[in-house]
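In what follows, chain A forms one complex with chain B and a second complex with chain C.
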Partner chain A sequence: MAELIAKGPFDGQEPVSAGGAVLAPLALGPIWSLALFPGQAKAAEQALKPLDLGFPAPGQWLQGKAGARLVWTGRDQAFLIGAEPLEALAGLAAITDQSDGWAALALKCSAAEAVLARLVPVDLRAQAFPPGRAIRAGLNHMPAVILRVESGFEILTFRSMARTAWHELAEVQAHLAARAALTV
Partner chain B sequence: MRLTCPLCGDRDRREFTYYGAEDYLHRPAAEAPLADWDGYLHLRDNPAGETRDLWYHEAGCAQWLLVSRNTVTHAISKVELVAERKA
Partner chain C sequence: MRIDGKGLIDRSKPLRFRFDGREYAGFKGDTLASALLANDVRLVGRSFKYHRPRGILTAGSEEPNALVEIHGPTNQTPNVRATVQEVFDGLEARSQNRLGSLRYDLLAVNDLLAPFFSAGFYYKTFMWPRAFWERLYEPMIRRAAGLGRLSGKHDEGAYEKAYAFCDLLVIGGGPAGLMAALTAARAGADVILAEETPALGGRLLADGGTIGGQPAADWLAAVQAELAALPNVRVMTRTTVTGAYDGGTYGALERVGLHRKGRPNLPRECFWRIVAGRAILAAGALERPIAFPMNDRPGIMMAGAVRTYLNRYGVSPGKRVTIFANTDSARGLVRDLTAAGVTVAAIIDPRPEASALEDCPVHRGAVVSGTRGRHGLHEITVRQADGAEIKVETDCLAMSGGWNPAVHLTCHMGGRPRWSEDLAAFVPSEGAVPGLVAVGAANGTMSTHGALSSGRTAAEAVLQALGRRADAAPLPEAEDAPYAVRALWAVDGKGRAWLDFGNDVTTKDVRLAAQENYSSVEHMKRYTTQGMAPDQGKTSNVSALAVLADATGRGIPETGTTTFRPPYVPVSIAAMGAGGRGAGFAPQRFLTSDQASRDRHAPMIEAGLWYRPSYFPKPGETTWKEACDREVTMVRNAVGVADVSTLGKIDIQGRDAARFLDLVYTNTFSTLPVGRVRYGLMLREDGHVFDDGTTARLGETHYVMTTTTAAAGPVMRHLDFIHQAFCAGWDLRFISVTESWAQFAVAGPKARALLDSILDAPLGDFPFMSVAPATVGGVAARLFRISFSGEEGYEIAVPARYGEALFRDLLARAETMGGGPYGMEALNVLRIEKGFITHAEIHGRVTAFDIGMAKMVSAKKDCIGKAAAQRPGLLGPEREQLVGLKSDQPIAAGAHLFKPGFAAERENDEGYVTSVCWSPTLGAWLGLAFLKDGRARHGQHVRLVDHLRGIDTLCTVEDPVFLDPDGGRMRG
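Then we have the complex of A and B:
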């Protein structure tokens, strides 16, 4: 059988440090969509306990055991990131492997908020969007899931749009750098 | 214009797609009189004041929303999830 080579969505891409922000590819590990069947929220909460997770409220993400995270992504829907789904969830939620469907980026440092302010029409400043928050919103014209973590932001977008997302963000970094150079 | 999505919070209008009047939630039964189907498909009020219509949160949670708003003052008084409304 042919030996297939798995490639990340940003293979070969070095981080970009410009405009007071650092943009870098991010490897998140497995991503599973958990879409609750009607009326199964309570049972799913119980089933998630071994991972030290509950079901996240709208706009939230939760940190569980051993790197497992559960990110709200819609009504009665969340992404389990960095862990395999538990057997106990069978029958409580529609579980689909989305690992290869998404591209993830880390955006950090002092100007990270200023970069996103040019692309996302939602207040993502720390006082409105602290660590533990997650939203679905448009990154310019692309659907995205955005998480606030201690070090900044994690941005998930469709893998087919990975290069466009990178371009949008890096371009804003260049604009901010150009503006800073003007006002010296 | 901003809409407060029950799931996503306060969001800009460009994240939403307008569909039409609340009437679309009240589809007649297949065997209903033709007059009911005519009303459902074609007849709309054009109120100066309170109105209710459907919006889709396309760039957010992908839910259908029932928005109560005033066409005179542009005030938005309520935004509800269609999926969770009591029929």
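Then we have the complex of A and C:
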């Protein structure tokens, strides 16, 4: 019998610490798209209760029980991250496995905002985009889902674009490091 | 010459730099201009048209004359303003627009011919013969009139672009801007302060004075310290705001690393897009020259610039300075020069009522009517109030015709400035850019006190709008002298009087334009080229239109200004397109099998953003065709494996999913049984073919659609549009799963045997066009029985994390069975042999009728594009229809088709070839083509002509399905 070896989008990639930010691959666990069918919002809220989750408002992500998170990703759509979908949701939402479609990164430390300011044309200042906020926006020319967490940002982009995403973020870090080395 | 003890340069840090190959000394804090002046280098460039010797005119970004090339190890930047470029150790600058040396420029002959080179000269002269326009005249004129040179190489430097957001953007770090930023920042607003030069202070750095009873420098240091300590302020020096755009967006160019030797990864420039709730324009004012005869010699400078060089850089541009000014503002310079020990030879003030109380001769009511000195000024002629002329020996003439508020940004959204008779200048119109207010000298308030108070007032208004309370801090006391000016635009006399130094436009040119009826200011600009040089006429626009107003007998307000457009200063394309060069142009998408293919030395080709293996060369194979032929034969006789994950995959769920597919596809999907797959054709709303692919029914309310690689994105967008526009309330949801699955085609007579060897359970009964769940080593997979090769074909999909492992495993097993991987070339041959279409055929101009699929448009239901596909002209024998072509000679895609015996000309064109291949299976060249009434012409001959490749051959027209027309091999 064949045995298939699993490989993540950033396998073997060491974190990059430069320019006041740390870029690291992130293992998020399962990612499920929950797309509410018309008229099922209330029933879905009820069904999500065991995870201590509601359905997030636009631009929001919620922390539930046991590492489960629900991230707004579009109209009537959210990604359930870090948990398997509850059976009670069947028929209330289109449930689609997205676990392998996304490459996830963590961007932390003081310059994380400055790094993203070079790739994301959206106001990500702490006052406009505090922890608990999520947005779908372009990461330079790549589609992305960006979450603000206490330690910085979590970034999801297409798995096939993982290499470009890593390269561009690391390049910005290198630019920021060179800037920081200027004395005047 | 350098003046001891003066200036804000760091004398503890001496630097060496080169100009035109000669080494000079400077200090940290110098600009190239100040360092050259300190070394008594007055001649720095040649003028654009006449190649006149030119020196430094200003001390800022408005400089029209002193443009140089900067040469670095990996870069060569032309047209750099010496007044902006900071000196660093090892800086290499060269003068430009010269033939031979700067001092003995051979093209200076143009100056002798100047009488012929007036406005419109080119339009009038280089008219005949017409054939000379491009081949002779243009290259000749370009060689003679020009700017700096490019290296012709890629710019390998790092560049950056960035976004910023703030409550308040303050543009300009002089007293007005500082006061505005401080007021807003103290109240907690998020402030960005953008300052063009390396240091805050604006005119305070040049003019000194006192603020709040202390030297301006001390006040400045205190403000700077306070701003630096506030977390809500971002001070951006070396940053010029270049444009005002919709929605409070401003463009800004930051010179990040241009002031020092290049370093790896250090951006040279950063182009910022700043979105600001409000903006305060405190960009100051630009001093304007006076157009007196021969006013362009090196040594003739703006008075404000001379003061800047003296006080900010500790340099006197001359030993015997004369002043020609119609404002009191230049009198401060006289006192500063005298105090520094520099001789002031004379003050020429055209105002009869001006003060004569100075320690030097003051000629009131007088003008400068002539100058001498080829490579540098050494004498001026002063025409006194009584008309008598005297000569004054001088090596530096500091002139001032008054100050023009920097209204540029306020005009970027279509606003026009307002003429102020008191200031003899244009001032910003209120509200010209929503959310932006001009203060200080930019708004015509010329005193330091006025700058401070207007800056504070504007900031308070912003705070009120933001709902924040301003602290009632006292306004520091400062100089509040009235600004007295009497307009003086031009002085008549013998010799040319320049208005636009950048493009060599004189008062005579402007008058000639008016005389030849180019009397609108916009026409005058284009006829004379005034204001069209790299400086965009910053020092010349107002004076030129004043001369035009005089020549046409209209007032200045009626004459109006030309249009101010972004950018305010030149912006390098490299900065605007930062990161987008080469591979940075678009993201690269890699398959899970990418490394496995590269390990086998497969050349990768780009398919959209994806990289796909072209073919898999074996030892001994020297051409792609050898590998391709082998791979095709391998699939036809054994088994081949190809990564097809790039095809778009869309997961569709809901009670209305079937109904939705019936609407978007021409054929019916609601009747498709669960566990079955169907080929579907999709039309655009205009009735032309949009895309094709297979869709599988996984459950009663669950489908997975496949799109072509090229149309994966567009189909998703199309479905979203249809869902939102036509059936928003339907019980329907869909999402892309393209990235989630790695999918591999397994095709050939041994495909089933290969799959049986790897699947956890054997296939069993699994007819053509089926779908079923399967497992591989316990991993849940999806198995489809579909074929794009004409062989018994399967596609197996696993979650992307297992893609590489499955691909490598499939290849190893296939090779054991006499098979192996096949690439895009073989895939293409296999599908042409079977007459399967790709976007080479469904290229956007063909209908279902054209490709022989009219019957796939269901008569029993409506679908997107159905009605439009029935329009006249889209059906019938006049249409070019899909056919197959066979030939024993090489043929090429892109060739056109003609009746045999007819000339290969456009009028006889009967169609074109979309895809061709050499078929190792059939031993012939095969093509797919669109031929007029083609389906009725099977068996006939056509002439195939490719003018580009020199192909002219006869082909047989056939059914496009060359191989196995009844599909016996595919159904197995």
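For this structure, a couple of remarks:
By our rule, the second predicted complex is superposed on the first by the 183 of 184 C-alpha atoms of A that agree within 3 Å, B and C clash if a C-alpha of one lies under 4 Å from a C-alpha of the other, contacts with A are read in each partner's own complex, and residues count from 1 in each chain.
The definition used in the following text is that a residue touches a chain if its C-beta (ideal position, glycine included) is under 8 Å from a C-beta of that chain, and two chains touch if they have at least 3 such contacts.
What you see is a predicted model, and the numbers here were worked out from it, not measured in a lab.
In the overlay built on the shared chain, the residue A:94 is in contact with chain C alone; chain B does not reach it. In the overlay built on the shared chain, the residue A:121 is in contact with chain B and with chain C.
By the document's definition of touching, of the two partners only chain C reaches A:33; chain B does not. Within the superposed three-chain model, A:58 lies in touch with chain B and out of touch with chain C [touch as defined at top].
Of the two partners chain B and chain C, more residues of chain A are touched by C. In the superposed model, A:138 lies in contact with chain B only, and not with chain C.
Contacts of A:177 after superposition: chain C is touched, whereas chain B is not reached. After overlaying the two complexes on the shared chain, residue contacts for A:7 are found with chain C alone; chain B is out of touch.
Shared contact residues of chain A, touching chain B in one structure and chain C in the other: 121-122.
Of all the residues in chain C, the ones that touch chain A in their complex are 158, 160-165, 190, 198, 256-257, 260, 263-267, 273, 275, 579, 584, 586-592, 609-610, 651, 653-654, 729-731, 733-741, 758, 760, 776-777, 779, 798-806, 809. For chain B in complex with chain A, the touching residues are 7-9, 11-12, 14-15, 59-63, 81, 83.
Of all residues in chain A, those touching chain B in their complex are 58-59, 74-75, 121-122, 135-138, 143. Residues 1-8, 33, 35-38, 76-77, 93-94, 96-102, 117-118, 120-123, 125, 127-128, 140-142, 158-165, 168, 171-172, 174-175, 177-179, 181-182, 184 of chain A are the ones that touch chain C when the two sit in their complex.
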